[in-house]
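In what follows, chain A forms one complex with chain B and a second complex with chain C.
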Partner chain A sequence: MFEARLTQSASIKKILDAIKDLLNEASFDCSESGIQLQAMDHSHVSLVSLTLKADGFDKYRCDRNLTMGMHLGSMSKIFKCSSNDDTVTITAQDDADTVTFTFEAKKQEKISDYEMKLMNLDQEHLGIPDTDFSCVIKMPSGEFARIVKDLSQFGESIIISCTKEGVRFSTSGDIGSANVKIAQTANFEKEEESVIIEMQEPVVLTFACQYLNSFTKATPLSNVVQLSMSDNVPLVVEYQIPDLGHLRFYLAPKIEEDEN
Partner chain B sequence: MGILNLSKLLADIAPHALKEHELKTYFGRKVAIDASMCLYQFLIAVRTEGAQLTSADGETTSHLLGTFYRTIRLIENGLKPVYVFDGKPPEMKSGELTKRQERRQEAQKALEKATEAGDAAEIDKFNRRIVRVTKAHAEEVKRLLKMMGVPYVDAPCEAEAQCAALVKAGKVFAAATEDMDALTFGSKVLLRHLTFSEARKMPIQEIHLDKVLEGLELNQEEFIDLCILLGCDYTDSIRGIGPKRGLELIRKHKSIENVINTIDKEKYPIPQDWNFAEARELFKNPEIAEINDLELKWGDPDEEAMVKYLCGDKNFSEERVRNGCKKLLKAKGSSTQGRLDGFFKVLSTTPAKRKLEDKKNTPNKKGKTSGGRGRGRGPK
Partner chain C sequence: MVRANPTESSTPVSARRRKACEEIVQAPSTPHRIELRSESTEENRKPAKGGVLPSTKTKRKLKTDKTDVVQTNHKLTEFFAVRRSVRKTTKTVLEERQKTLETILKNNIEEGLEIRVFDDKGRGVVASKCFKKGDFVVEYSGDLIDCLEAKSREEKYAKDLTTGCYMYYFKHNNQQYCIDATAESSKLGRLVNHSRNGNLVTRVIVVDNKPRLVLIAKEDINIGSEILYDYGDRSKESLRHHPWLAC
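Here is the complex of A and B:
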């Protein structure tokens, strides 16, 4: 039997909003330690990795390891039926082919439950190597979303170059080019509003706007986003989910055309 | 023609091996396209009001138009096509070719009849059936491809075999043809419907040989024998043995020789002088051009040459040709999106368990009914 209870259904709502554009369906691996989701989009360009720790839930019980394939669009529909401060309980029997979401309104005057059919999905477990990144940038997540959105109007891809002085986001397209430069914040009074750059070596990488824009759908989850980059390895965009875990996106860089 | 009913068999027994994707997910992939197959498609499909498109002096241009637009579409989606042209057909195919010739002649006769009767639908139908891809068509397309900066390969013999060899050597990602025998020739990945018209909105079918073999529970040699049993272009098959029975027999007896030794020859007569061994050899060691000598290079399109050739000689609209050229150049200039596959290692795959069980149940039921029908048909 599996049971997980969370006082704020909003967190899961936000997670679903952030990943349902990239993935149509995904498997949630539930174990004693928590819930994990790892899946690539159809074209294998980006990867979503979600970790929700067991102790982040108000109640968590998982007797046997369980993999639940869910259609994220449908799941999102169900969560849309709840209010943000509803308490949600996710329950499933061992070897069940359905999962139940129960929403309790704050004053407990209303209880609604939704049963959803599970899907059987092919699953590929990928080993993600630990990388020492050349550049790790922490910045306000809203700022990052804004920059990506602004630059997407001008080109299909964004070049992110990181040096000691700061990070430069640039793009070019039919109408011209655009550049946004942000510098490391001098005072660290408010960590949430500062830009912090840890750099071993400068890095320049190109990424598709389309994917970056999808990633920024996770902005409501966290005030801070962390970008980790190294030459020729995927970009990691990480959002911490307070008390619960994290949501990471990996994105393969664009490569310059070599002569065949 | 490929292998009779193989795709149906796979859909029943090894649904896992078939995947469908949209064209745009193939960006950055190099694919070897069976040119003869797609020229044939173009000659049949690219028409206005039932007639092939022609130049001012009445020469067909359907194949050029098809090649031009659909190649652009592939390149725009980030694919890197290389076309593979048929050489001389293998001797063993002569039987099959004679049959096709006969069918064409029949169609020709039917066409004449329909023309006399003035039946437009029939005329259209038979017009399509008499289509043949000639050397001249192929030469014209090669000329156009050169101008477009798209490489092509002249296979000494069968194009599918050459495509398969390119895949095996890792030169390209997949072989694109409708012929299932690309798998028999050992192509690791086969793409179908790649050069279909966009308007048909057909997703691309991707078939992985390793999954096929896994699903059928055969090795490559047994798979080749199964294909011969099902019916290939090169030799006869045993009458009365269909896909299901063929698979059963090969699974049990491992090779055609053993099958011949065990089956009831009264019920299933072995074809006279059945040269299955040679067909097998042809699938295993087909005549192909040395892969390492081939240089696949995607160059820049030559706009002026294309305008001169297509608009001057072939009556294409200049504006469209120039537009097409721009698309080619633009696609070439942009950087390619990388994939994560290279960065992360697949640790384990868990196929959908329950789905497999379900699928196993349904074909079984089907198998029983069709088996029943088969037995019913016997005494007639």
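Here is the complex of A and C:
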């Protein structure tokens, strides 16, 4: 028997909005410690890794480890039927081929059940090693989304270069080039609004705008985004989900290859 | 030809095929379609690329030297290794265990054990390596005989009081079998002593359609400790002859 209860269905709505464009379907691995999801997009360039801790739920029970393959579009449709402050309960029997979402309205005058068929997904799991990153940047998530959106009008890829002074996002395309520089914030009074850079050595990496843009769909989850970079290692874009866990996106860097 | 100018040369047949292709792309994806999908989208792109070729040429004139450098998206799998078999189903785990046991039995492997002579009870077997709980330790090997044969042999052995008790009776698929290990052999299984609280359990394994008895570690066994199992026989008759069966 699996049961997970959350007083705000909004968190899951936001998560689904963040990942459903990158992934069509994904496996939710449920265990005693919580729910894990790891999946690559169909091009295998980016990876989504979601962790929801058991103690972040209002009620959590998982008698046996179980993997539920779900179609994220359908799941999103179901969650669209709920209000943000509805309580959601996810239940599944052991070895079941369906999962049930129950939404209870705040005043408990309305209870709705949605049963969804599970999918048998044969997905590849990647072993992600712990990396000491050369640069870790914390910045307001809205700011990051804005920069990525602005720059993607000019080119297909964004160069992120990080030095001790700040971060530079740049791109160039048919009409010209664009540069956005962000300096490290001097006063740390409001952590949510400041830019904090922890740097071991400077890094310059190039990434595809298309994927960065998809990642920023997670912006409503958190005020702060953390970018971790090292040379020739995938970028990690991390959004904390308050009290519940985190959502991480991994993106392989573009590597320049001479045509000659 | 087709690739260079797909729109003009497309016959009704190819148009229909392309439509079918598009249908596949648009249909809700299933795990089996993922591969199909990426391939078909790539195929769709190919002619499109050919179509816009002239315009990219004019673009190149505007660009600087940078256009000579092609940037490719690298796959995450180039950075992180795929762990395909993180989880094995119970069935595969059991199958694998059966297979390893079969190879051990077929090759008559007896490892990590040595004979020691005890003052009080004669020969016994001690572990010379550590065994983990559930590990195969040794086979109780001897002649596999049926009940009738066992009875007649037992009568024969009963005449000579110096013969120990080496007849192991067990039931497999509702049939009574006996393994008789009375005859002296190099095998260690027959020398394992009895204890009601032993560190081994017996299990029947079928190899080439013949049941065989193996002793499996019931708990972790350290180097130097004697391996023991419960002979199980507590009949009055046996206890009279072998009072140690009670301990």
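Just so we're on the same page, the second predicted complex is superposed on the first by the 257 of 260 C-alpha atoms of A that agree within 3 Å, B and C clash if a C-alpha of one lies under 4 Å from a C-alpha of the other, contacts with A are read in each partner's own complex, and residues count from 1 in each chain.
Note that in this section a contact is a pair of C-beta atoms (placed from the backbone, for glycine too) under 8 Å apart; a residue touches a chain by one contact, two chains touch by 3 or more.
In this text, all values refer to a predicted model and were calculated from it rather than measured experimentally.
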Simultaneous placement of chain C and chain B on chain A, clash or fit: clash
Partner chain(s) touched by A:120 [first = chain B, second = chain C, both, neither]: both
Which superposed partner A:233 touches (first chain B, second chain C, both, neither): both
Chain B versus chain C as contact partner of A:164, first or second or both or neither: neither
Contacts of A:71 with chain B and chain C, given as first, second, both or neither: second
Which of chain B and chain C A:107 touches, first, second, both or neither: neither
Touched partner set for A:97, first chain B, second chain C, both or neither: first
Touching partner for A:172 - first (chain B), second (chain C), both, neither: second
Clash-bearing segment of chain B, relative to chain C, as chosen among 62-70, 98-106 or 296-304: 62-70
Doubly contacted chain A residues - partners chain C and chain B: 40, 42-47, 69, 120-129, 157, 206, 208, 233-234, 250, 252-257, 259-260
Residues of chain B that touch chain A when the two form their complex: 16, 21-22, 24-25, 27, 296-298, 332, 334-355
In the complex, chain A residues that touch chain B: 40, 42-47, 67, 69, 97, 120-129, 156-157, 206, 208, 233-234, 250, 252-257, 259-260
Residue numbers on chain C that touch chain A, as the complex places them: 28-31, 34, 37-38, 59, 62-63, 66, 68-84, 86
Residue numbers on chain A that touch chain C, as the complex places them: 24-25, 40, 42-47, 69, 71, 73, 119-129, 157, 172, 174, 206, 208, 233-234, 250-260
